[in-house]
Amino acid sequence: MAYKMHLLVCGGTGCQASESAALVENLKKELEEQQLDSFAQVVMTGCFGFCEKGPIVKIIPDNTFYTQVSPENAGVIVSEHVAKGRRVDYLLYKNPEDNTPIAESKNMNFYKKQIRIALRNCGIINPENIEEYIARDGYLALGKVFQELGAENTIQVLKDAGLRGRGGAGFPTAIKWELTRKNEADQKYVVCNADEGDPGAFMDRSILEGDPHAVIEAMAINGYCVGATKGLIYIRAEYPLAIQRLKIALNQARNYGLLGNDILGSGFDFDIELRYGAGAFVCGEETALIHSMEGFRGEPTLKPPYPAQSGYLNKPTNVNNVETLANVPVIINKGPEWFNQIGTEKSKGTKVFALAGKVNNVGLIEVPMGITLREVIFEIGGGIKNNKKFKAVQTGGPSGGCLTEKDLDISIDYENLIAAGSMMGSGGMIVMDEDDCMVDVAKYFLDFTVEESCGKCAPCRIGNKRLYELLDKITKGKGTKQDLEILQNLGGVIKDTSLCGLGQSSPNPVLSTMRNFEDEYHAHVHDHKCPSGVCKSLMTYEIIPDNCVGCTACVRVCPVGAITGNKKEVHLISAELCIKCGACMERCKFDAITVN
Amino acid sequence: MTQDQVKVELKESDVQKIKTICAEFDNNGGELINVLHKTQNTFGYLPAEVQEVVAQGLNVSVAKVYGVVTFYSYFTMIPKGEHPISLCTGTACYVRGADKVLDELKKVLEIEVGETTADGKFSINCLRCVGACGLAPVVMVGDKTYGRVAPEMIKGILEEYQ
Amino acid sequence: MTRVKNLDDLRKMRDQLQSKTNLRDKSEKPEDMVQIKVAMATCCIASGSRDTMNFFVDELEKRNIEAIVTQTGCMGYCYAEPTVEVTVPEKEPIIFGNVDTPKADEIIEKYIKGGEMVDGIIPVNYQKID
Amino acid sequence: MTKIKLTIDKKEVKVEQGSTLLEAAKKVGIDIPTLCYMHLDDINVNHKPGGCRVCSVEVEGRRNLAPACATEVADGMVIRTNSVRVLNARRTVLSLILSDHPKDCLSCAKSGNCDLQNMAIRFGIRETPYEGCEISRYKEDFSPSIIRDMDKCIVCRRCETMCNDFQTVGALSAINRGFNSVVAPAFQMDLEHSTCTYCGQCVAVCPTGALTEVDHTNKLIRDLANPNKTVIVQTAPAVRAALGECFDLKPGTLVTGKMTAALRELGFNYVFDTDFAADLTIMEEGTEILNRLSKHLAGDKSVKLPILTSCCPGWVNFFEQQFTDLLDVPSTAKSPQQMFGAIAKTYFADKINVKREDLVVVSIMPCLAKKYECQREEFKVDGNPDVDYSISTRELAALIKRANIDFMSLSDEEFDAPMGESTGAGVIFGTTGGVIEAAVRTAYELHTNKKLPKVDFHELRGMQGIRQATIDFDGFPVNIGIAHGLGHARELLEKIQKGESEFHAIEIMACPGGCIGGGGQPLHHADLSILAKRMEAIYKEDGNKVLRKSHENPSIIKLYEEFLGKPMSEKAHHLLHTNYINRSKKVIYIQ
């Protein structure tokens, strides 16, 4: 008979890093020892999204949501909750406002406004068990496409649903499929782009870890619709867990006849191979990705020709992002009307974001298009950490821009974000507070672009390097007014002339911070000050004579001998020698050292 | 890599291993990246001699193999330490102080990113987002992940491997 | 190895497998279905509450009744164990005492299916335990 | 073909579908600047990576600028090629490239002939506003043929395309990424350790001073000034068809007489012609072909066919490295340069009574691989090379200018005897198809003992990468194959490996068009129509000759009578033939 109770344990990378695998083992052991193993079942699922509070254990059917559970907590969960039905209060999530425990996730602000479509199975099913996927209508959409809809109607369904690419640019998915379908060829390919490279974004990885079959099913549908019998998943080698789960899922699907020859009696053959990325962000760009799959350096080429015309091995190729694909089976099962009710006029459905940075609730969220940034950051994200002041949010990763207080009430969709000077991107969302220096943040993103530029075109290869050098100069207090002008012009030209999306968007962090935080740039350039106190070169450590008792503690701790002074006399820091390590300030017990 | 880099002596059995890997991928040059992944998994890194055998096996030029190896940051021509340390420098980790953790690591181990300590024990490598943003900043030593790492914790973490 | 031959085959398989995981969906929206809470403290277990719970889970499924059975701590009616709280949609919760399997069967057939009252109601207001 | 209508700078243009904006603009006289773009139509090289972005233009309705070289025309497009936005973008990008480029133009080998420099002049760049670091890489200046100064590399990747796509040599690849990317051999080893054949096609297309030839002009000036040395020179046939370009003459102008005069003015003791040695080559190679052919026909299984020509050193390097199982297939005849050297330092040295070590043999070659070839150990006697060194057409031009010689005002002069006498057959060595045509002219007559009805074999000529023809040797059909470009050679070689080749003889030259397109020739700046003109000039010189068959060259006849005996004699074998060595780059491993 079926289990009466399910203990769902998050097995995403984040939670596994916090020993959720050991937790699963301990829970199983405890259940066995307390002879409850036929009553309750432990299931390792995909990501619940609430990574800030991982590892997560959710108990079904009473929906109890335990957070930050360590392997040692297995005993009490089994003996108290499973055996006796008593919730373990101290493992419950505490409402940050009044510190009261909240037992069920649906009552938490983090989950209240979320709608989970792409993540529908994450945290619910065991990704390593195809039967759990089938139980939740898995592969039904594929069957429907074969027997009821046919290729053209399926594409029409996606068109009616208004699904747009979730990888960044928001190109209508149905149109892409249609283009590939129209191009005649003896062989075509469908490719799943799982080369998620935005620093701080892990949407695709979570989907692949938590619901790999959804992607496989969608690729098979994609293959059928465009006339491709081969699928390829290009996945980052840095995602070992996702790769392992994909491999298991692919084998299961083959065993069940859901991949391979004559799938579901349709006469359609389809199979999928894995291709590994090797640490090159630019391979997220589809032409670069295709070259990489062909065994070349992942350098983009000019479009047209589009992959739909000439892609992998010069055959028509349809490239879709993981999250886009994950939406496909549900749309087919539930119909386009269901899907296009969610969202805004031009952007339908939901979007998954990796919410990170200085918010209380870091994690993976899926929200309807049209939600405001304020709702995401202050309700779902639980506001800024340590009650600091919100300063900016970067959407779209290194290609996006910084949005500020004034943008908090725009509703999130492709067009609105671009209008505001940023972009949807693949879904990274980094929140910054008053302690973050925007020049430094722009420099961080530029450092990333410089490192990840493929080097093929001059504006990106050299221009970004120069942008970085200029920003570095500014953060060292050596920038000039002319430098700001050069930054502006250079940023514009790089956007205008770069070969691929990477270069075309790389100046965005600089240009958007210059627009929104002009004062901060001026402070660095004209006053040689970093208002947030981040830029080391612009800091000066000084002793407050009134507080200094002359204990010589700082003199002794200074690694470069920059502090002078005798016992019981006020000490002095030499600005020339000081390396701004902060050791003195840490050591001083009298708050006699300040940093400006 | 310069030309005076120490030559690695490959045993005949190693050459065979590489040839077997190439054969698994039908000696198809299009599979170069998959072959390099598997070869690096086997040898830990991709010295010049290994790349030469791969080039032969797949019938592509050595220059091409080298061009690919130097393009992708995942591939390395320098052997990693016994306990490779990977530091996440994704945005989430960065805004939560990964740079300070990195400085501390470099100071304690006296090596730069991409280098290996003289005793071969540790190497430092920077990664872009391991996806454990909830735990930022994150440091991995081998397969073990350390979350919410502060610079003060570095010495303690390294001691676990002494 | 189960090879799925066609769409019907897949649907059948889905229907069979659903019982294994649908608990996870049902638990999200308990208010739409019959909710049964079985008190499951040490004393309750001693008086057979686990059998009662198992009976409810298995029988409700067999009889095709959309229901969700959860356990809860001691309800405080130790004199009438096992105790069970039954909530039929849009009705007030009712607590039954001394629910052994025959009693449980009666509750399903008469109260849940037919809406008739069954003996054994504990009429006192009690503190709900979450 | 569908015609597309578009507007460029307010001018209406109609072009064929599939044309690029660059091509369309050219039609209405708008010259959009390009830097990395290289379209070599005749040899099917179409390099448009869209990397330099110097050709950016504004397309109405498009968010960003488009690279004109790689953007296809579409109906109704409205293009601006000189708006403020475009000009600013081009200038900015060019400034960026210059910011990562050494500023030592004064002492750069490419100065005055550098595409980047020309572009900077065209854009009026007076300063580079972008400070910052420049890449710093090593300079490889010890290869026998090619100098790589990678600080000057602008990553246009033309060399990579020539080396990999056209030549299939695979010595070069882009390495690293981003700001650190550059084109280099594997492991950044020097060329000697790579699969480089020194064909020099990378040098021929490099827009900057990143790839240049090894310069021997200073050495030559010193030798010419040395009273103890007798310095003699041989000039390859392709040189006279291109040298004039360096003196602003139209491509295809023959300057044989002026060149001879200039060389004499420079102080060479004897000015000879490599064409003489080419005739000699035909005597040896033609005889070898006939021998192998008749043995083969007689059923001797030890004889392999087809026979391959061996006068191109780039090609020899190629098969010694990459087709080591075919080392016994090419003819053993040395190249004309080396035959010349071998005869000069024996027969001729004796004649003028000069000791071998006091005789300096210099060659003027359209080729960079020749610089390497003359340094090969097997072409030395007791460490003294048969040919001391080789200078390129470009170096010769520079030397003439340096020596204050007004090239244009020189009157034509003749080569010296005896090694200056040649036939039309020797001249056509300079172009693809020429060697085999010369061989056919001689082999036919030697084989059939009949006079050729006509000397011109048009079926063997042309620019197509691979050509084939069947020549009737008086009832016996001889199948001939011709390839220029090592990529095309590879195709033929792979067929031989598979036993699918039906040819009896194949001519191979490494460079596009043969020696006329060699790596040491005046730069064609991606305009291959120049090659066709040089080719015409070569055939013109052949046509003007009274003697057009090698075996009719009186000096050659005399050479055999006085010195060598007959073709393939023991002496000839010793002096004029060579053997090939497996030079594949072996993996170094120890068991």
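By letter and in written order, the chains are A, B, C and D; residue numbering begins at 1 in each of them.
Everything that follows uses one rule, which is that a contact is a pair of C-beta atoms (placed from the backbone, for glycine too) under 8 Å apart; a residue touches a chain by one contact, two chains touch by 3 or more.
A quick note: this is a predicted structure, and the numbers were derived from the prediction, not measured.
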Central chain of the complex, centres being mean CA coordinates: B
Could you compare the number of C-beta pairs in contact for A-C with that for B-D and name the larger? A-C
Rounded Å distance, subunit B centre to subunit C centre (Cα mean): 55
Separation of the C-alpha centres, subunit C versus subunit D, in whole Å, is 89
Distance between the centres, which are taken as Cα means, of subunit C and subunit A, whole angstrom: 40
Where the CA atoms of subunit B average out and where those of subunit D average out, how many Å apart are those spots? 43
For subunit B, residues contacting two or more additional chains: 60, 64, 67, 71
Can you list the residues of subunit A that touch 2 or more other chains? 280, 297, 451, 454
Per-residue overlap in subunit C, given as positions that touch at least 2 other chains: none
Chains touch one another in the pairs A-B, A-C, A-D, B-D
For subunit B, which residues are in contact with subunit A within the complex? 29-34, 36-37, 60, 64, 67-68, 71-75, 89-96, 127-136, 138, 145, 147
Provide the residue numbers of subunit A that touch subunit C in the complex, in ascending order. 1-6, 8, 39, 60-63, 83-87, 103, 106, 124-125, 131-132, 134-140, 143-144, 146-147, 255-258, 264-265
Show which residues of subunit B lie in contact with subunit D when the two form their complex. 1-3, 5, 7, 9-12, 14-15, 48-49, 51-53, 55-56, 60-67, 70-71
Can you list the subunit D residues touching subunit A in their complex? 48-53, 56, 64-65, 67, 70-72, 85, 88-89, 92-93, 96-97, 99-100, 129-133, 154-155, 157, 174, 176-181
Subunit B-facing residues of subunit D, complex: 164, 169-177, 184-190, 193-195, 585, 587-591
